[in-house]
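Before we start, here is the structure in question, set down as structure tokens.
Note that the chains are named A, B, C and D in the order they appear, and that numbering of residues resets to 1 at the start of each chain.
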């Protein structure tokens, strides 16, 4: 029928689908799942980095980190708003997160053990996120694409700050350099795993590509990330913990060791180092805030009378 | 009548009144109040010193402090047991403490701000307690006198440990010496105030003396404490913060500045730096432990069936 | 009080307030509040940095030397800011009372003779106005919300009130402070506690509560573990 | 694992357990329990001192250098001991599981070829037997107490159980450990969680939870603030 043809035509013309437009139910569901997961990741992602706000080693770094964690809360808000244009409420999505029925990025289930991890998260995790997200700025769904443009701008700022932290450590005292290297050693493979399972095992991908929600395969994006990191690691003077990392003249890209996808599956299924801690914290904060939200609602109701 | 004569005769002969003996109601009440206050002081007194267990600067000092705080819990237990021989239950007494109807020593309403305060509490506060308590080992009420013998032995051990802490600090680095002096400056007058108001303003005293519960006046004990401390301070190499402290040849004792008894009154009446904090902590711990005590009671009941 | 101690008092208030507010990260009752509290923490931290930098110039110390290498006995903040966050009502009571002090303080300083301080205060004053507004709104919502929120907000006001005497013992008068606070409490249907009771102090001379040294242990741990390092 | 790492593992388990147990001071549900928990903390601290002193000899470091001057990445304790105390049920679950590991461990070491270690273990073994008995009694009382205490104790057992795999990955076999734990859970009317699920580890190689660095920041703050001082 005409609606579906119009939808397909818009997608093919690289134009945007807007909230008022008809869209296939599965397109809507795919987007809701993806945007919600992204929003949840921003909210849960505040925990590992926030873990170092109180201990940031200089007031300047404290301010930068605090602002970054604030940005993540802001990103969560944009993204929930983008999801709401698809006819689902933020409260419903938050409930799905709290009940474990929707996921967030598995990377946040690793602990931040040292200050250098704040740097490594900025450089590697935000770096991987940007590689994933830049193509989303051209996503076929308008509100998501526009949210991503704003988010990517801030993320690349965050990535540069993380890189700077590591650069300062890597050029600092022996103790600081050791912190930086240790951190990169722990975050490298989990960051590679952020691009998801290898293309051969990836579900959802083909349809998302057709709908222009997704534009590159997991493996393509992972390769792009590796190639980018190798050069930056050299400038940092840090080693990526992969003895088999080397330039492949033929492919014009770096060969590298794949992350442990069994570990990734375990972490996704709930058995990462910090899944329980992150969820317990989120649920605890939500529960402890209930009386405040109830009071705000009661007050608003009184005023509206 | 005969019972009262017997009671009076026992007191006059410096013998002990035992729980089975008849005693005047006011003697019983005075003892309950005094023993309970003493027990409560042990329990509340765990807080200011316990504040430094987690941060004790060596493992040896940590062990000593932990053992000391444990001893205080033990003293509390003996003393509640001694009070129970007078026909009042520990639960009742604890309830009186929690409701603010019975007092504990005001000294524990001052904060422990540095590690040196653990030393100053040992040297000055335990020192003052010992001066107060040694005569109580000869108190006319048998169970109290016997509890005090045991407690005094441990207290004098604690006092020596506190003195040692200060001695080590006072002979350590400049920073350590400054900690020690600062601490003595803050604890000196509150320690003097531990002996209570000047004799002229002291209630209860005359009757307690007659009953041989108390054997020396507040001012006599305070003088004894001052004379003891002056010499020890010299060995420590620390200054007592009283410019008017000097030997009085005639009195064969040190003249000294009286503590601020208005401050003492304020602290007793609830307005010391930490009264609210100490009580809130005690009440919180009691409330949070309720489910455990209930469980233990329920289990015991099941077993006894 | 020396000029430096005075500046340290202003700067330490802001620094310790920022540290406490930042403890709320990822723990607020609402996502919007996570953003707002981080924002306020950043304002306080920003003011702290300017004030400590200025204070440090005469001491030959930079902001980090002052923030990270002093012990609690050397901090000059009021006791109120170092108190634990408690529940959200306590945090809002603390912020309301602090901002009702900082707002007239910075307003006066902005018109004062010290140009450097006036410039810092002129910026901080606008931020304080926002902090006061934000905490006022919450105080009113909680006070006039549900039975539970009213009880919690009243308890918070009662618990924190004694510590406000230290705020108004210096450059801000009690009456100026009350002029800001009283209408908020009234609109929030809260009872204004009486003055004249317990009035703890000591912060300005470095005699703090037992809470501050724990806060500093955490705040300073990393900086102190790497003496002389750049970050 | 080197001999030193092995000793550090034993010693750090005891040290961190002592630090957590001591956090209960003046906060226990009963006064008798304040005495008991302090006692157990002292036992663990005593064992830690002997073990760290021994471990330190080959490193040229004394017990305090090891306790106070290592970062969390250098600590070798299992994750279980560094977890927050939680409520009293969690503390008892942690102590039950730890002592059911330390008891057979020390028993084996007491009969082992290293005479120095055997002597330390012979003393610690008796203490562990008491810790096991004490935590068993509480587990049973809480498990078979009220509805609330049963729920809390079961939650505690469920939450802590995954961390016990790290305990039985080394010198104590899972079956020896279960032989001690299972009868206690049965008598406590508690469900024994299944094995085969999540089994976090990393403590023995210095990859800890986010909790340990906070614990150490507090524990080490004073010692580190006065380099080279004697106490």
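Here, a residue touches a chain if its C-beta (ideal position, glycine included) is under 8 Å from a C-beta of that chain, and two chains touch if they have at least 3 such contacts.
Labels paired with UniProt names: C, D = Phenylacetic acid degradation protein.
None of the values given here were measured: they were computed from a predicted structure.
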{"item": "Smallest count of steps, each to a touching chain, taking subunit A to subunit B", "value": "2"}
{"item": "Subunit D reached from subunit C - shortest hop count over touching chains", "value": "1"}
{"item": "Between subunit C and subunit A, distance of the C-alpha-averaged centres to the nearest whole Å", "value": "34"}
{"item": "Multi-chain contact residues (two or more partners), subunit B", "value": "55"}
{"item": "Residues within subunit D bordering two or more other chains", "value": "71, 213, 217-218, 221, 225"}
{"item": "Topology of the chain contact graph, where touching chains are joined (line, ring, star, complete, other)", "value": "other"}
{"item": "Chain-chain contacts as defined at top", "value": "A-C, A-D, B-C, B-D, C-D"}
{"item": "Subunit C residues touching subunit A - in the complex, by the definition given at the top", "value": "15, 19, 22-23, 25-32, 34-35, 38-39, 41-42, 45-46, 48-49, 52, 63-64, 67-68, 87-88, 140-142, 144-146, 148-149, 152, 218-219, 221-223, 225-226, 228-231"}
{"item": "Subunit D-facing residues of subunit C, complex", "value": "71, 213-214, 217-218, 220-221, 224-225"}
{"item": "Of subunit A, residues touching subunit D in the complex", "value": "48, 51, 55, 111-114, 182, 186, 270-271, 273-274, 276-277"}
{"item": "Residues of subunit D defined as touching subunit A within the complex", "value": "71-73, 159, 197-198, 200, 202, 207-210, 213, 217"}
{"item": "Contact footprint of subunit C on subunit A as seen in their complex", "value": "43, 46-47, 50, 53-63, 66-67, 69-70, 73-74, 76-77, 80, 115, 165, 168, 172-173, 175-176, 281-282, 285, 288-296, 298-299, 302"}
